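Shared between the two complexes below is chain A, which has chain B as its partner in the first and chain C in the second.
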Partner chain A sequence: MDLSLIAEAVVLGILTGAVYALMASGLTLIFGVMDIINIAQGAFVVLGAYLSYVLAQHLHIDLFVGLLITMPVMFGLGVFVEWAFIRPLKRDRIMLSILVTYAIAIIIEGLLGRIFSTDLVRLDAWYATRSFNLFGFYIGYIYLFAFLLSVVLLGALYLILYRTKFGASLRAATQNRTAAQLIGIDVERVSALTFGIGVALTAAGGVAFGATNSFNPGSHYDLISRLLVIIVLGGMGSLGGALIASFGMLVIEDVTAVVWEPKWSTTVFFILLVLVLVVRPQGLFGQLAGRKE
Partner chain B sequence: MLATVVKYRPFAYLLLLIVAISMPWYAPGLFPGISVMSIAVLTVIFAGAASSWNIFSGYTGYIALGHAVFFGTGAYALAIICQDWHVKSDYGPMMLLPIAGLVAAVVAVPLGLISLRTRGHTFVVITIAMFFIAQLLAYNLRAVTHGSAGLELPIPSWSGDAFDVPFYYVGLLILLLTLATSWWVRRSKYGLGLLAIRDDEDRARGLGVKTGSSKLLAFVLSAFFVGMLGGLWAYYIESVFPNSGFDAIFDVSTALMAFLGGLGTLAGPILGALILVPAQQYVAADATLTSWYLVLYGAVFLAVILLLPEGIIPTIRKRLTRWLARRAAPAAIAGGPPPANQRDPVSAATRDGGDR
Partner chain C sequence: MIRLNSARHLRTLGAIVAFSLLLANLAACGGGGGSTSTNTSPIKIGYTVSLTGDFSADGKAIQQGYQLWADTVNAHGGLLGRKVQLVSLDDASNPDQVTTDYQKLITVDKVDLTFGPFSTLLTKPASVVAHRYGYALPEGAGGGPSVFQQGLNNVFDVSLPVANNLVSFAQWILSLPAAQRPQTAAYATEDDPFTQPQVDLARQMLEQGGVHTSYYKVYAAETTDFTPIAQGVIASGAQVCVFGTLLPDVTAFIQAFKQQHFNPQALIATAGPDQGSQFLTNVGGAQTAEGIFVPNGWYPELNAPGNQAMVNAYIAKYGGTAADVSSDVPEAYSVGQVVQQAVTQNNSLDNAKLIQTLHSATFDSVQGKVKFDATGQNTMATAYQFQWQSGKLIPVFPSSVAAAPPEFPKPKWP
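So, the complex of A and B:
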């Protein structure tokens, strides 16, 4: 086996891993604060990709510049969804929220299918097809740009979480919702904003995903299955775990595709998940379940 | 009043059974122009699936969103058996349905052992992940499943109008078996253990419920029936593909039916299927509505969870007990003890309200 091919797969895995880390961090943030799993996260990514597609096709706005429009739009959508569909759940929130977000994912898939049909599309820009030479590897510009974007946004997320008052209340709500409420944190507001931020991040994920893959409205199943695996493997609610699991997953996937066959790449990762769970049911960095609402 | 209701209940069940069994005689005449029996076949299949999903998820409170794994496994198992054994006769595949169910049950054992180590969210997520693994395997294991080309099942020689009838009766039979099992579980000490797990698993274990094996048995039982129904469904539509056998919508459909009718109740999932499957088929048959299918589906789902989270049957029962209690209250004050068999309205109204 050619070692340079494996090395290239590792580099590619790290570059795309950052994008998944971005999408998964939104998911795990929402989980941490609100104790709910947003099954619609994959559908939001696809929606973000279609929004960028519309902007690029009809208004000729660059994919990355377009994020200045799509991210606020997706943020607003996230806040609305939290307010309209998650907040009204009073009893058995954990289980019902999974079903509610599943329903939202189906609605988004249906609407996108209605508007754009189920034909595969791909985001296009000059950097989507060109590549450059790095130490003898050919790497697509889009992978580099998406990586840089993800790093910038993850850095911004870090600053929000650890350097602002809102971040402090968010972390407080993650640690203990009731206690946070008792010391005067408006947990409902924090929840809405967290959901908004988590969904806004999917707009960026959508650009990276849509420019590197052909997608259609049904693509969200593929995305959410990977994202769920990432956050379970990393340990639910653990941001660091999600980051490490994202890089691990994508590197393993890309290496499997090279040394074995591309069609087995995802399967290998799923099997790894099962093996980890046999040993550590709480995931790599998670705490043992037992937190109650 | 409640006593009268209870007294006539067996007759009501008998009447419902007669209505269901005689369906092929009156239904086509009653609804001319639509393929009512084919809707009936799908309804009994989904009612059975929702009911067996409920045996596990409804009673234990562990929401599984991966039962399509067992549905698809049953479907593929039957298709592969028919192919390898060269099953030709019309009723042959029907006879093999228990084997399809057994295959699904065998698959459920390791899946249950792994997933049931976790609780709450993580369990839900793992069942979803297992669904995707199964679908991927169906695509990738081409030697067995023929990948995306799918597998074909033998085509029965029943003709035209009578085609649906054997499927309907076999489906009804499996549905009744599921229902009987569900009833038995609900009435038995074993089922009481499952409900204890739903209410507080740690305490249940402290009280001596063998939580691990109880959950696993319920999981495997429900997989067995879902597998049989998957086989029947595959034989009915004569083919199975990775994305039709392992369908994400199936995962949520069974849950939605159970939630709509009443999670953890005996009749709830069946009521849910009776409402939803004909509605689904109606939308699928209407040209202008079809393109809105997924949107409508999701919207109904949202509406059910947000507006009627307890389901139809528990909501009605709660209202009824409250109404009866209000009517009985003045009489009790006026003198005379309340009827001996009147249940405590509070305990009857909690959760899913005991037996029926």
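So, the complex of A and C:
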């Protein structure tokens, strides 16, 4: 077995993992603060990819530059969705949120299908297929740029969470929503902004996803299943956990595909996931039950 | 001689004549399937289409093909004097949903006839349901061997039998002069009943001809990250790449090969490059597509009954050019043509008669002649090899239909 192939698989797993970390961080953030599982996260990623597609095709705006437009738009959409569909859920929030956000995902898929049809498309740019040489093998520029984008955005998210008053409110709401309300934190405002941030991150994820995969409106099903697995492994509500789990999943799958067989990639990962959950049911960095009401 | 000279006799005679006419009409209406010309309700034809899920890109093209055929038939007086009405349900590319949908189409929607869905994977459950209710299932995109190993007599694939798709490509490789002939080949395929049989047969032929297998991997159809597989192909240094793919995976492989500056001498994929403009859009244009092969049983310039009219109708309805027509469109259109001929020949919608006629007669289609063997496979289909050259997908093999000789070796990626 060629060791360079394994090394390459590890490097690519980390680079690709950063893309998934970006998408999963929004999902785990939303769960952490609001106790809801946003099944529409994958659909928002696809929507973000289509927004970038429109900007690139019709206005010739670069994919990453276009984030200056798409991220605020998706943030606004996220705030609206929280206000219109999530805030009214008062009881059985977790179960109902699954149904409601699934419905939102279907609506997004339907609208995108109506506008763009089911034809597969891909985000194109010079860096989508070009690469540079690193220690004897080629790394695609898109993976490097997506990795750097993930670092920047997740770094910014960290700063928001740990260096701002809003971040303190958000962390308080994550720890105990009721207690946060009792000490005067406007939990509903925090929830709306958190949902907005979570959805805004999907715009960035959409660029990375769309530039490395062909996609159509129905592509969110595969995405959301993988994102949910990541946040379960990492610990629901844990940003650090989502990061580690993203890297872990992609590296394990890529190395398995290279060392053994591609068809066992997902199986090996899920076996490891089960083993982790047997030892730590809360995931790698999650908190045990009794965390919040 | 009876003398009809009384009013009572005349009234009686009139009643007898009227009653006889009524009986004659009722007899013509009977016989399950409705061959009478007095029935003007639409003929309902049911099918499932993959509007969502893994096959959604092809599903749309299949639906376009069926719709084009229905439009053509209805514009020319319909079928048996009745309009054709297509009834479709989204199967979400899911075999279980296909079973549910065909049950509904037959038992609830009470369609008169059924057409097949896209893909071998979905045709199998559809054919089982149709068989249970005595329906014929003509289809154009479910040609994997496993469809015809179920022992059913009701499934008919109007297109090229899938397992032979890559045979002519393998024959062409082996026909190259020894000095030019590639020595190594890499194979990567989905574990799909459509793609894997073709790739395995091509591998068998090439190995027997002395082309060494430097890489062979089967991956799950649900795979989303193709990079490690692409890396494996690249590391093998294979001169020929044979892929059992659909559009998303072949696009990912090409993207990885471009990034890694890996230039095989020949690259063929079982599906993906046959998707017309969609393929060009996904891989980054005609220069990237240059030299890529794909097998197929049809091309826009094929001299077959109704083909030119179908292509023109497609362009009029959906826009684009002839090169943009996905090969799924004529596959679906051919299904309609064959059924139309069989139903017209029988003058009946009866499915038992339809199955019998489909097994015995020869038909014309936009893909060429159609004649089914006992298993339902088309014995008269021809396997053409196509190659993207200068932005057009043209036939290059066999030489009898070649618009140009095959481009070999494939140009380097731009």
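Quick note on the criterion: the second predicted complex is superposed on the first by the 286 of 293 C-alpha atoms of A that agree within 3 Å, B and C clash if a C-alpha of one lies under 4 Å from a C-alpha of the other, contacts with A are read in each partner's own complex, and residues count from 1 in each chain.
Here is the rule we use: a contact is a pair of C-beta atoms (placed from the backbone, for glycine too) under 8 Å apart; a residue touches a chain by one contact, two chains touch by 3 or more.
Since this is a predicted model, take the numbers as computed values, not measurements.
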Answer with clash or fit: chain B and chain C placed together on chain A by superposition. clash
Pick one for A:L96: touches chain B only (first), chain C only (second), both, or neither. first
So, A:E82: does it touch chain B (first), chain C (second), both, or neither? neither
What is the contact status of A:R114 with respect to chain B (first) and chain C (second): first, second, both, or neither? first
Taking the superposition as given, does A:T129 touch the first partner, chain B, the second, chain C, both, or neither? second
One more residue to check, A:Y221. First (chain B), second (chain C), both or neither? both
With chain A superposed, which of the segments 8-16, 62-70, 116-124 or 242-250 in chain C collides sterically with chain B? 116-124
The shared contact residues of chain A with chain B and chain C are 109, 113, 221, 263, 266
Counting only contacts in the complex, chain C reaches chain A at residues 51-53, 56-57, 59-60, 191, 217-220, 222-225, 227-229, 231-232, 235, 247-248, 251-252, 255-256, 258-261, 278, 281-282, 284, 288, 413
Going by the contact rule set out above, which residues of chain B touch chain A in the complex? 63, 65, 114, 117-122, 124-126, 128-129, 132-133, 136-137, 139-140, 248-249, 252, 255-256, 259, 291-299, 301-302, 305-306, 309
Of all residues in chain A, those that touch chain C in their complex: 2, 5, 8-9, 12, 16, 109, 113, 117-122, 124, 128-131, 137-140, 212-214, 216-218, 221-223, 226, 250, 253-255, 257-258, 261-263, 265-266
Touching residues of chain A toward chain B in the complex: what are they? 31, 35, 37, 39, 85, 88-89, 91-92, 94-96, 98-100, 102-107, 109-111, 113-114, 221, 224-225, 228-229, 231-232, 236, 263-264, 266-267, 270-271, 273-274, 277-278, 281-283, 289
